[in-house]
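What follows is subunit A paired twice: with subunit B in the first complex and subunit C in the second.
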Partner chain A sequence: MSAHNVSRALSAYAAVARSSLADALAWRADAFLGLVMGIVRVALALLLWTAVFDGRAEVGGMSLRMMASYYLIAVFIFQFNQSGLVASSLAAEIRAGLFSKYLARPVDPLAWFLAASAGRSAFQAVAAIVAALAAALACLALDASILAPLDPLGLLAAIPVVLMGMLALALVNFMTGILAFVFQDISSFQVGKDCVIEFLSGALIPVALLPARLRGILSATPFPALASLPADLMLGRGFGGYPGALVCLLLWDFILYLAARALYARLAPRYEEMGS
Partner chain B sequence: MIIRASRLTRSYRKTVKAEGLSGSLKSLFHKTTEIVPALGDFDLDLKKGEMLGIIGPNGAGKTTLVKMLSGLMRPDSGELEVLGFKPGERHEAFLSRIALVMGQKSQLWWDLPASDSFLLNKAIYGIPEAKYRRSLKRLASSLEVEGLLGSPVRSLSLGERMKMEFVAAMLHEPDIAFLDEPTIGLDAPAQKRIREFLRMENAERGMTLVLTSHYMDDIRRLCPRTVLILKGRKAYDGDTATLFAGADDSADIADTVERIYGGDA
Partner chain C sequence: MRAVKSLRCVIALIATRFARSASEAGSFWSGFIVDTLVFFIQAAVYWVIYLNVDDIGGWDKWHSIFFVGTFTLIDGLYMSFYFFGLLGVPEAISSGRLDLYLAKPFDPLLHLAFERFNPGSLFLSLPALGLVCTSVVALGMRPTPLEILGYLCAVFLMLILMFDLMVLIRVPAFRFKRISAFGVAEGALTEFSFRVPGSAYKGWLKILFRVILPYGLIAAFPTETFFGTASELVWASALGVTAAFTLFARLAWRWGIASYESAGG
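On to the complex of A and B.
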């Protein structure tokens, strides 16, 4: 591919990301409701963990203060990734015969998907950060000692982790979305995948509370990068395995990228059989 | 020749299920499929700048042919070359020179103004800014949609939306356009406007056009040459005026087939 073609492709997918962001802005009420539900979830988690702690200083090596801060960060970071929504749209387009619009233009459907996911996630990330700050201020107003301070170095270290984790999840979502080439309805796949990934990411239960063996297995997957790893880093924990985690994420992104390409090459010809 | 097709054949695999609950239960454990031929031994040559109409009853194979010509579908057998490319390979240089407009398949972003989709196509096709502005002005003016460019697509009428589809499809000035029932559901003035627009694109730029339509008016007024497909086979390929000679203005596809083949469609 020539430099001119690379520049044209980059410009095209940047335009896809911008359009996707603009599209997300058209549905700002939905995004707002999603964030409100995120705040409700954090509030419910705090209530639950307050009951679990029941006066104890620590549970699984975490204080209540650490747990509250962890949830606030993990839940909002987990919400950044909107590629699941883009995957649902992709599946609907496949079923309705609208996937032709990718095939009849000089675009790569996977690159389009990633760009569209990036655009949508960018909007959600900005909105989630604003909402997280609002939730943090509300928590601090109620009890100044309820949240642990953020580690500035951890905040910086979390950025590449979050980005690589989001890429891994986007690739998983792309593979789920293109199952629509084979199956009439992929919503059950999506529900199952969302439940498993939410658990594995630590957005549901902190990874630190899981059995040591399971923690070991999880550390070799990309999923903790979606919530628990960045949350730990921001709270000044988890620096020990940081370089290894970055290498692991890089490897997973590469493997999932190859898998997504291979699955697309295998399933896309089915679109020709759909007669739509 | 801009299109060379020789002995194109394409069939589909279709799932067959016996009727009723017992049929549904059986199909859970044993899926039966059958091969349905869509197009057989189809030859076609088309010169640059020609406007070809493709007609035939529902299920005749018109859309299958358009899909193969535009690269959405590969033939099972036969030779096919469009603009010197094998369409099924979906080479970037090939896709940059064609346009595909399908009557009920939109490429526009539903919740955004059409102008946002046009900007996206500008980036996809690498259209320089000055050329883009010039093309957009010309296309919007020809289709009389200048005042609607900023309105969300969802708020447009069907006719307005279809005109926007044409603007999006023609911005990169394709050498050949494949149009699959582009005027379906449109009122007479909108159909007429689109026909005039296509005639102008052909006259001014020499754009080749392959058009399928159930509206015989589209075919008669736009395409000097027509191909009639019946049950996946070419039944007529020649002068449109000859095909419709003696038919009244309101003749539809059924009338046309009945007149030529005694209703054997």
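On to the complex of A and C.
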């Protein structure tokens, strides 16, 4: 592929990402409600952990202050990735017989999916950061000691981790979406996948509370990069295995990319364009 | 008479869906496997919490396991009967598919709710009942038939309440084209009600999560009924809250139908 062709392809996918971003911007009421609900989610997590702490100074080596800060970061970072929604649309198009448009256009369906996910996730990330800051300010206004301070170095270190983690999740979501070539309804797969990933990422419960052996196994997967690892880094923890975590994420992204390509090559020939 | 007709139609929908599911073995078993997975994840959350604390709000491990079993039982039942149907309501409204249901001589809400009956989720009730029975044995309890009947009635009442809550979350689809944020809120509230034992609610939180947003009742009320801590007042408030939310859900749905423009999109 010549440099000119690469440049043309990149500009085409950038247009897809921009279109997806514009689409997300068009649904302002939904985006606003999404942010409000993100704050509600953090508030509910705090209520739960207040009940669990019930006067205890620490649970699993974390104080209530650290737990509150952890959830504020982890819940919002986990919301960045919107590739699940794009995968649902893709699955609906496959079932309705509308997938043909990707076959007729000079685009690669996986690259299109990643570009559309990037556009939508970019909007969501900006919105989630604004909502997290608003929630943090509200918490600090109520009680200045309720949140732990952020580590600026950890903040920078978290950026590549979040980006590579989101790519891994997008590839998993693509593979889930194209299961629509085989199954009438993939919603149960999506519910199961979301639930498992939420648990493994640490958005549901901090990974630090898990037994040491399980933490070791999880650190070899891309899931903590979606919530737990960036939250720990931003709170000044988890620098110990940082280089190893980056290498591990790179490897996972590569493996999942190959797996997504292989699964698409295997399932796409089953598409009959008939709809259902 | 109308209620009997609706019940017959619901049974017919479930029977049709059951027959269709049996012919789609892949989807049937995928539903079952995924639901079991969700159940294990939820149980794992409690396992992790109890690795780090001895009790939550005065409930020890076995009380909480009974609570998890109860929630999973309710979860399995509502996911079987109406969860996936109600999940499709916003799409039916935004696409104009609701027209088909309005034209039929059957309650459109019940039709939409029960047309996607998912028998795979019913199997989730088995591990849930296993958890409930295990915790009863571990606590050395010998429940009387009346206590078991009270528990089953409480579970049924909470299934009605869950139906109402799901409808109310989706009625805004008549006004807004996209309401995924409401779904996020619903997910957060359901998770919260699952993980916080009823005994942990104090003061205004009790009013908030047992009356205004009664997700806190869903698993806690049947659990309290079984352990004999649900007084007559608790029963009366659970009945009152369910009746009120059933009325709200019906009124909200009628309001939505009245403002429905059948435009599709």
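Quick note on the criterion: the second predicted complex is superposed on the first by the 271 of 276 C-alpha atoms of A that agree within 3 Å, B and C clash if a C-alpha of one lies under 4 Å from a C-alpha of the other, contacts with A are read in each partner's own complex, and residues count from 1 in each chain.
Here, a residue touches a chain if its C-beta (ideal position, glycine included) is under 8 Å from a C-beta of that chain, and two chains touch if they have at least 3 such contacts.
These figures come from a predicted structure and were not determined experimentally.
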Partner chain(s) touched by A:Phe189 [first = subunit B, second = subunit C, both, neither]: second
Of subunit B and subunit C, the chain that contacts the larger number of subunit A residues: C
First (subunit B), second (subunit C), both or neither touched by A:Leu85: second
First (subunit B), second (subunit C), both or neither touched by A:Ser11: first
Contacts of A:Gly60 with subunit B and subunit C, given as first, second, both or neither: second
Partner chain(s) touched by A:Ala51 [first = subunit B, second = subunit C, both, neither]: second
First (subunit B), second (subunit C), both or neither touched by A:Gly38: second
Subunit B versus subunit C as contact partner of A:Val107, first or second or both or neither: first
First, second, both or neither for A:Leu156, with subunit B first and subunit C second: neither
Partner chain(s) touched by A:Leu98 [first = subunit B, second = subunit C, both, neither]: first
Residues of subunit A contacting subunit B in one complex and subunit C in the other: 27
Residues of subunit A defined as touching subunit B within the complex: 5, 8, 11-12, 14-16, 19, 22-23, 26-27, 97-98, 100-101, 103-107, 271-273, 275
Contacting residues of subunit A [partner subunit C, same complex]: 27, 29-34, 36-38, 40-41, 44, 47-48, 51-52, 54, 56, 59-60, 85, 182-185, 187-189, 191-192, 195-196, 199, 204-205, 209-211
Touching residues on subunit B, where the partner in the complex is subunit A: 12-13, 67, 70-74, 90, 92, 95-96, 98-100, 102, 105-107, 109, 111-112, 116-117, 119-126, 152
Subunit C to subunit A touching residues, read off their complex: 24, 26-27, 30-31, 33-35, 37-38, 41, 44-45, 48-49, 51-53, 56-57, 84, 87, 118, 120, 176-182, 184-185, 188-189, 191-192, 195-197, 200, 205
